[in-house]
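Some structures to go through are shown next.
Both complexes below contain subunit A, partnered by subunit B and then by subunit C.
Presenting the complex of A and B:
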């Protein structure tokens, strides 16, 4: 099992602004953790270890949104050092819940929360996903990412393959699981619009999907929105729900949809 | 005048640094910076429905997501006069136990212990302490398992909802949780002995005020409707602002708090100082055996305090399962109407008192105020670092 460290993939795990849930999920692989640390050379993982090295990397996993000027610099430095940069978790892929404000709303809210005080250690910037600042090679969405998704990614990466993609919306897995459809009961569930990978956890518990993996790439949003409208759902309410976890990535769609539906 | 800076603190949950300014032989200033950017979470839910708020607010913190969930749920249920069933109440408590076991075992074994034994991380300790590392990982896994069974997944589960739960766990799942708790007890005893027996540095040594929830009925516990201060005062939940007095400082996106112009401490040590004499069973015996006056003035004793709470949680779980299974299966969620109101929910997160205040107007969220344990501890963290640096 233990290979020479020179031959192992050098991996760095970095946290920008967020809840640290994606890094924590790695530590939550309790039964696999010793193997993970043996199979890969974990160069940097601030939450887990103190002997961190900021050198050349094969893979950088970056979680969190970019929310300060200091983070922009950190991110650019990571890009320079890493062969492959992975946006790890919803905050990095989509900007997370903190990314949905418009620039104007963000300025106003920042002032309301922090007043006129200028921060001396760094300057806050409007939260954005990491691909607003650097080229990103791979995306692993999820709030948080799932354990299977991470372990599959790692095992494939160790073998030199790209990660598994989850092209379907949550609805597909939900049907496999034979759950009663919540939309048919009049409950606003975002399963048809949201990227799968969680295993339809919320509908499995009779709880509607809140969209925490971000929008599904293959979903036909326009058609789905008209369908929901036909079913009598309040469209403004659905749009607000969908915006909660979409970060910056659905804003264009909403603008287009607004024009179309006028 | 020179400054010693640690830009990135390692093995902590979050992203912070410490900067000490020294003039000759005197430490003139210590600043604890929070490097993460602002997320404006209190603004995110405005105009959204209460259930969206319940989904989003716990995203503040992955490690204490269940504490945020219980706190925001208590706030909304207070705001809208919703009374959950006794069965749901027990399951919410079970969820909290899972989080304490997971978070405390992570903190003590993974984050803190390597420093005391001289290793860069917990995995490196495995070479010399294979058994301890293995069982500690299993203990953490068990805490996560409880959160998955009760709240749907390890991090940011959604099964706990306003009015109760989306779905009850099965009888088999609950019995498994009970059986595992009993199996873990010998290792839990070892954990307490290990951390209570470690030699901690004498410095920093300074008095402070400790705050936590008053669980009521003379019991130990992780939530309540009053704040208990080590001076003996209690403050009702709706007057929480008189205790915390949050304010903004220019070197941290986490706010700071002062009580009567003085810093205070929340967290495991605060709970053990304020409530430790209420511990029963084996945890009560361990408290009598190990707790002494030195704990009260030295933040290093947060770690042994955490292990006493791990023991409390393990001893509480079998009874919780028995009580839960004795009750009939009512609907997992009570019917309620969204109505206008204001509510505060107090809980103890693993790192201390957590306050959620949420208001509803015209069916949507109109105001949110969340006071995290870190925003209460920041002043004391700086003060204790100052004493230690000197």
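Presenting the complex of A and C:
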């Protein structure tokens, strides 16, 4: 690395509980990797290098949800060291699939899988998005985040600008791609409820959106819920589908909905 | 105005002769029954048996995303690289009218060089159509065209009656005059008139557009708008498929390892939540009902006072697209005092029961 490293943005990339797909996505930017490592001083990135330093950072990208006590400590330490903390990928922004359960259900699942085994090195906790424990400055959702989103974030950050998030639902890109709308055909597509950024990959292949980028801003869950009910889907099936990727953020809606629909 | 005749067998040879180095766009069948405009080299892909395409042909002139400029610290360079010679074949009267509406809009007070430049490079070859239950162009008086095309092909079974609408259209015919016949027989004329009459009768949806500006004004605070807002999924689809919607957003896209940014223009839609968002996190139209009011004011009211006709050209795309039945047809019928069978109406009853 060049000697004027101290002028470059110091970036750390960290992985909590998740599939590590977001970190992998960075490595998959093969055409840009050299430029990335030249433009920024990547201090810590376990998946990519061995000489990792845990010091002061300009930006920390945190992937994964918080699922153990040790991760809570690690996350708090990252917060202390970093100017800007970015929730990187759906597990960090919303908790991911592992956060779709209520506290009760989670307890039950833990017991079922691990029984009464004593865990020695750390204790499991109910999976949560990282903003349940620390202040988060920026959110980059996606399962995984897209290359376009990550690279655009990075170049803007290098220039001192905040990222341009994808503010719209999946339907927008889906329409640009002129897909025959699945929802109109009675297929339970979550495109209207889901944040765009993936390029509408699923509807492009005639598969309904499962919501893997998490809920879009201002999504109208109530209307789509009734719409799917009218199309013949039962309440539990719709709830399950909607809850898959929205982690803890949708619990509130379902609580309210349960009361309303009783 | 000159009229000639073309045997159907001579259509592809004619298109071949005029194509040259231009890109020829025509309706192509996607999956199921839906059509889209696509660039075609193999003319056998063209499927003229269609009512409406998913996206309107404005996408051919202004794609959903394109670079407007390259900007560095010291200079910016306009980027017109997406514009090239194009021919649209098979465009219907409603969409030709939409182009005329956009021409006015994009040259009113401030000119939009991207539209105007693309338009200069465009040849429009219209084609006759047959309405389905969602076509409202007879009510908007956009079901026939008198201007705005270079050639217009009316399908009379084994031949086309071809109207020449511009001197450029005339030049195109002259490329291969031997393919055309100059004289229309009495039978041809009779067939043409009969077709027109039958088509006029085939429209099943009638909307009282003349009453809409007043009704929009009178019912601006009607409970209808809340009902629509409760059902709207804020997906932006109605807006993206409308041939007379024209809003766009501009994004800075800095390039990694370079000292310039691409300044990208991409379609925006006023039915989306983010559309009315401003710096500081405020939003002027956070409520879906308010956003729908804006869209319908645009389609049914304000254009009429400015340009003398509604912005809606009756293509029926919003009808075929909105998953919750919010569209010009149901909204206009409801404003006109009718009960309409729609998801949004059923939802309002479901929620309040």
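The rule is simple: the second predicted complex is superposed on the first by the 254 of 262 C-alpha atoms of A that agree within 3 Å, B and C clash if a C-alpha of one lies under 4 Å from a C-alpha of the other, contacts with A are read in each partner's own complex, and residues count from 1 in each chain.
Keep this in mind: contacts are C-beta pairs under 8 Å (C-beta built on N, C-alpha and C of every residue); 3 or more make two chains touch, one makes a residue touch a chain.
Given the structure is predicted, the values throughout are model-derived calculations rather than measurements.
K.L.:
After the subunit A overlay, clash or fit between subunit B and subunit C?
P.N.:
Subunit B and subunit C fit side by side in the superposed model.
K.L.:
Mind working out whether A:206 is in touch with subunit B, subunit C, both or neither, as first, second, both or neither?
P.N.:
It touches subunit B and subunit C both.
K.L.:
Given the touch rule stated above, what does A:98 touch, subunit B (first), subunit C (second), both, or neither?
P.N.:
Touch partner of A:98: subunit B, not subunit C.
K.L.:
Name the chain, either subunit B or subunit C, that contacts more residues of subunit A.
P.N.:
B
K.L.:
Scan A:180 for contacts with subunit B and subunit C and give back first, second, both or neither.
P.N.:
It touches subunit C, and subunit B stays clear.
K.L.:
Quick one: is A:8 in contact with subunit B, with subunit C, with both, or with neither? Answer first, second, both or neither.
P.N.:
Neither: A:8 stays clear of subunit B and subunit C.
K.L.:
Between subunit B and subunit C, what is the shortest CA distance in the superposition, whole Å?
P.N.:
Comparing every C-alpha of subunit B with every C-alpha of subunit C, the smallest gap is 11 Å.
K.L.:
Show me the subunit A residues, by the header's touch rule, that subunit B contacts in one structure and subunit C contacts in the other.
P.N.:
In subunit A, positions 206 sit in both the subunit B and subunit C interfaces.
K.L.:
Spell out the part of subunit A that touches subunit C in their complex, as residue ranges.
P.N.:
It comes out as residues 32, 35-36, 38-39, 151-152, 154-156, 158-159, 161, 164, 167-169, 171-172, 175-176, 178-181, 183-184, 191-193, 206, 217-220, 222-224, 226-227, 230.
K.L.:
Flag every residue of subunit C that touches subunit A in the complex, lowest number first.
P.N.:
30-32, 34, 36, 53-55, 64-65, 230-237, 240-241, 251-257, 267, 269, 272-274, 277, 286, 288, 321, 323-324, 343, 346-347, 350-351
K.L.:
Could you please specify the touching residues of subunit A with respect to subunit B in the complex?
P.N.:
Per the stated touch rule, the residues are 15-22, 24-25, 27-28, 30-31, 33-34, 37, 46-52, 64-68, 70-71, 96-98, 100-101, 106, 109-110, 112-115, 117-122, 124-125, 127, 143-144, 146-147, 198, 201-202, 204-207, 210, 212, 237, 240-241, 244.
K.L.:
List the residues on subunit B that touch subunit A in their complex, please.
P.N.:
8-15, 17, 33, 35-44, 47-49, 52, 55-56, 59-63, 65, 106, 110, 114, 120-124, 126, 133, 137-138, 140-141, 144, 152-159, 161, 165-167, 248-253, 332
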